[in-house]
Amino acid sequence: MIKNPFAYLFSCLFVLAAHGTMLINIFYNGKYDDIKDLIILAAAVLGLDISYYIIMLFFKQYTYTIDFMLLLILNMSVIFQSCFGGVSFSAKHYITCIAALTACRFGHMLTCNHNWIQQQKKYVWIGIGVLMIIILIFTGSRSMWINIGSFSIQPSEFMKPLLVLACATSITEQQKKHKVWKFDIVWENIILFGITAAVCLFQWWCRDLGSIPTFAAIYAAGFFLRICYPKAKFSNKTLIIAGSVVLVAAIVGIKIAPEYVKDRLFVDIWSDKDGNGYQQSQALIAIADGGWFGKGPGKGYLHNVFAHESDIVFSSISEEWGLLYAIMMTLVILLIAASPLINPPRSYYHGTMCTGICAAFTVQMALNIFGSCNMIPFTGVTIPFISMGGSSMVTSGFMAGMLVAAQSPVFRKPKKKKSKKPANSSARRRSAA
Amino acid sequence: MKSIRRCQHIITIFLLIFIAGMAALVIKINREAPFYMMNSDHHELGMVYDRNGEVLFDGQGTGQYPDNYFLDVGNLIGDDKGQMENTLVARNIKKLNNYSFSEGLLETGGQAAIYTTLDHYANRAVYDAYAGARGCTVAYNYKTGEILVCASVPSVDVTKGYADIANFESGTLISKAMYGTVPGSTQKVSTVITAMESLGRDRLLAKSYNCVGRYLNANGDYIDCHNVLGHGTLNLQQAVENSCNPYFAQLVSDPDLPLENIIQGYRRMGYAVNDDKEEYFNIDGIICEKASTTLVDKNEFRTQWGCIGQGDTLVSPVQLMMWQSAVANGTGKMTMPHLIDRVFSVHGNITQIAKTKYGDKICSEETAQAVRQILLTNGSNNYSVSIAGYNVGVKSGTAQVKEGAEENSLLVGFLDDARHPIAFCILIENMYSTTVTTEQLATVLLNALCS
Amino acid sequence: MEDMNLLFCAVSAAALDICALVLIIASYRERSTGNKQWKKISADMELVEQGFTYHLGCDEILIGRHASADIRLPDISVSRYHAMLTVADGVWTITDIGSKSGVYVNGNLVKSKKLCENDVITLGNRKLTLRKTVNPKKERRKNK
């Protein structure tokens, strides 16, 4: 905070201004029965803004922009979620947003020292295994939800940051090769492949097919950043050829797929708009109805449709706030994912981690937005930070924390902690001052 | 460093793919938004006008109109209530909706409108002329394809709503011209065209058969003639004028005319023969059934009966009318009918202007001109009194429906007049229950259109 | 009413846009802070080879002949992946990662060694020197 006081002051002010104008917009255009509802919402949003600014002062980081962006998008989502079909403060979403901010801090603390987190890789693997066992035991009857009282948790969400951590690697790791019958093998890569395959199979078994592309994308990013270090030549040409072969195989696969698979992939929602296509067709009608500038907060119709706050949330926002605003909202999330481009990570481990997170964010958004708009098959995936849902919010917050960690890293060898700690911490203090 | 830059490249690729997807999404939504709104329950429809600017449908429901003003076009123009799906409005809500993505649904001030080619005055005259009878009349300009009259009786006044729907007569909510009906002897025009294509004009004109009131075919079934005394020996012109069933039964079973040629000729005309896939064509979105028949064995009763226009054969009045255009034009090419003349967008810009389109060639020019002459001769010999004052080429037909319990009367034809190139098809259901005749309706139709 | 709706939508959209822009600018400001920080962590070193300088921008630097190496030395005497430079607590360490010709620091064959300023690293036929970063701007100022 102290390093760039003006930049941070302006950031604080403009985040407040962005939320303020949204609230003013609701005040003039929104649909509310009682002004009290709006005042509660405004107090909650602006209060969270200001208190988070104060809390942030206690954390010594090199960069804070991701925190600001996170705060911006989370409070935007609180406003969105509170407005569907009339203004009423969505306390549940507000609490999950605070949980996400907390998770962000945890994410930062856990991963800022890449040397340390790298040594914990075994626990990451174990964590994924434990999660799978938990799902097996507790969810029952092949579903993906654990119900505890009125709360329901989706444990598979928590596998995403764990898989990102498992995929992240340092160059040193990639050089630890073992010769097994003519082949140089990095054991970690084999284990990772096994884990990913297991996770995907497991998701298949849980009928949570929508998450598989996310896991696959995280793995693909990790895989790509690993095969850059074989000893033999692995030129771009080979990669392009391999990529196109995969693409052709996918197209051929779709062409010769059995009928029932095709039916799931290509649903004509308009001929079945009261049945299976109901959600999507209503979502598209809502976007068309909203136009560029929307009908006004709270004046939408889509809140009558199932999953309006999670699976088809993009359309709900489009309807009430306009397509322009909804697109800008996705751009803010993209900015979060794009922050490693502006402020590069300083270690390969953090670099691969950022890539994995970016893959997870963009793929989830793509699946949700394009799925609900009938460009690709519709799956029940959430938009990070926007969709209602505790597990997804906390996970996304945690992953944002990992991005913060990549930009505000701590370089310390954990083994030599005792001898080097004083000198290093004093160096850090000096730098912070 | 290279390794970090590699990570950044991959992040960039992910972001770019996503942004490209978003761009595609925005373009897609911008283009398809009117279609999405068409599926919404909430519309702000514009007006539908006839060719003279008379209102045929008022989307806002604000205008004042006389009682039953829209009755004659109710089941053709329709509305957006969802009771009638195969109507102009229901199929073209996208064009008629006062909606644009940038401005949303306009409750006031939208200028979306459809100008149709219909002549409301003539349509109403024909509708009223049915006077209690049931049936439909469709007429169009065979040079341009503009549908001028398309009345289906009974109909519904859309402004009165559907509260009484339980008491509606069957067929009220559809435009009968678009649906298949037994063509009766009007089918003989198709058979003449097919036979002439196969045998050639001169060979067919030289053929004559004997009619003794009924014809015993090779399988031992009788084909009855409506004249029990028989017509004696007939050539083609006489057979058409007398609508002689035994002549056509003998023509079909003639060894010079292979069944394969008949089937091919029918298919060229657009019939779905035997197990062919049933097809549809559409007139500005309104689905219209295509003709179908069964032709199995040329000596079999069912096949011969089908070629005479009874039994399994079904043709929609619109298609009967279209065949008349191919004959009347003398080119063998059908003029495709259209109902929408021009469409105005929500901002009042013309977004669509009708163009004359031609269908496949159903026969050669020589055949078309010969058949045209046969029909014109039939018109001048037999209809100069009943359709007085007009030089028409016509063919009448009587179709047995409900297994012979009722008979429908049909008249297809065209007006040989360069100023009024009109082809028409008139259908009266259960002809014996009414005193109205197809000739009277044709006179009313032509009077209204040529005045 | 329609105009009001449009106006406030435009205003809130603009506020969001400006906010995003401000955050991007702030992020760029932080970039320079991050660079300064990195200089402290990495002791502000660079590798020099006969006029070529290699910037040391992250904590693991792969040196070798292969195209994917961070510092590429296109010389047949250098292995594809020859050595790795790592930094921790402001100290750079060089490690041999299975090279054929070995890594020499100040003429001594080493497997892994912490480096000091002005140490000369020999990889095959190539000689690299680790030194404090020379900032051309500052140099110029000093000369003036």
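Assorted remarks:
Letters A, B and C mark the chains in the order given here, with residues in each chain numbered from 1 onward.
To be clear about the criterion, a contact is a pair of C-beta atoms (placed from the backbone, for glycine too) under 8 Å apart; a residue touches a chain by one contact, two chains touch by 3 or more.
What you see is a predicted model, and the numbers here were worked out from it, not measured in a lab.
The greatest number of inter-chain C-beta pairs in contact is found between A-C.
Taking the mean of all protein C-alpha atoms as the reference point, the chain centroid lying nearest to it belongs to A. Chain centres were defined as the mean of their Cα atoms; on that basis the chain farthest from chain C turns out to be B. Chain A and chain C have Cα centroids separated by 29 Å. Spacing of chain B relative to chain C, judged by their CA centroids, is 78 angstrom.
Distance between chain A and chain B, defined via averaged C-alpha coordinates, is recorded as 57 Å. Touching two or more other chains at once are residues 3-4, 6 of chain B.
Contacts with at least two other chains are made by residues 171, 228, 344-346, 348, 351 of chain A. In chain C, the residues that reach two or more other chains under the touch definition are 57-58, 60, 62, 68. Taken in their complex, chain B has these residues touching chain C: 1-4, 6.
Listed in rising order, the residues of chain A touching chain B in the complex are 171, 217, 221, 224-225, 228, 270, 273, 281, 284-285, 287-292, 295, 323, 327, 330, 334, 337-338, 340-341, 344-346, 348, 351-352, 354-355, 358-359, 362-363, 365-366, 369-370, 373, 375.
Chain B makes touch with chain A in their complex at residues 3-4, 6-8, 10-12, 14-15, 17-19, 21-22, 24-26, 28-29, 32-34, 36-37, 39-40, 42, 99, 101-105.
Within the complex, the chain C residues that touch chain B are 55-58, 60-62, 68-70. Of all residues in chain C, those touching chain A in their complex are 4-6, 8-20, 22-31, 33-34, 36-38, 40-41, 57-60, 62, 66-68, 80-81, 84, 86-90, 97-98.
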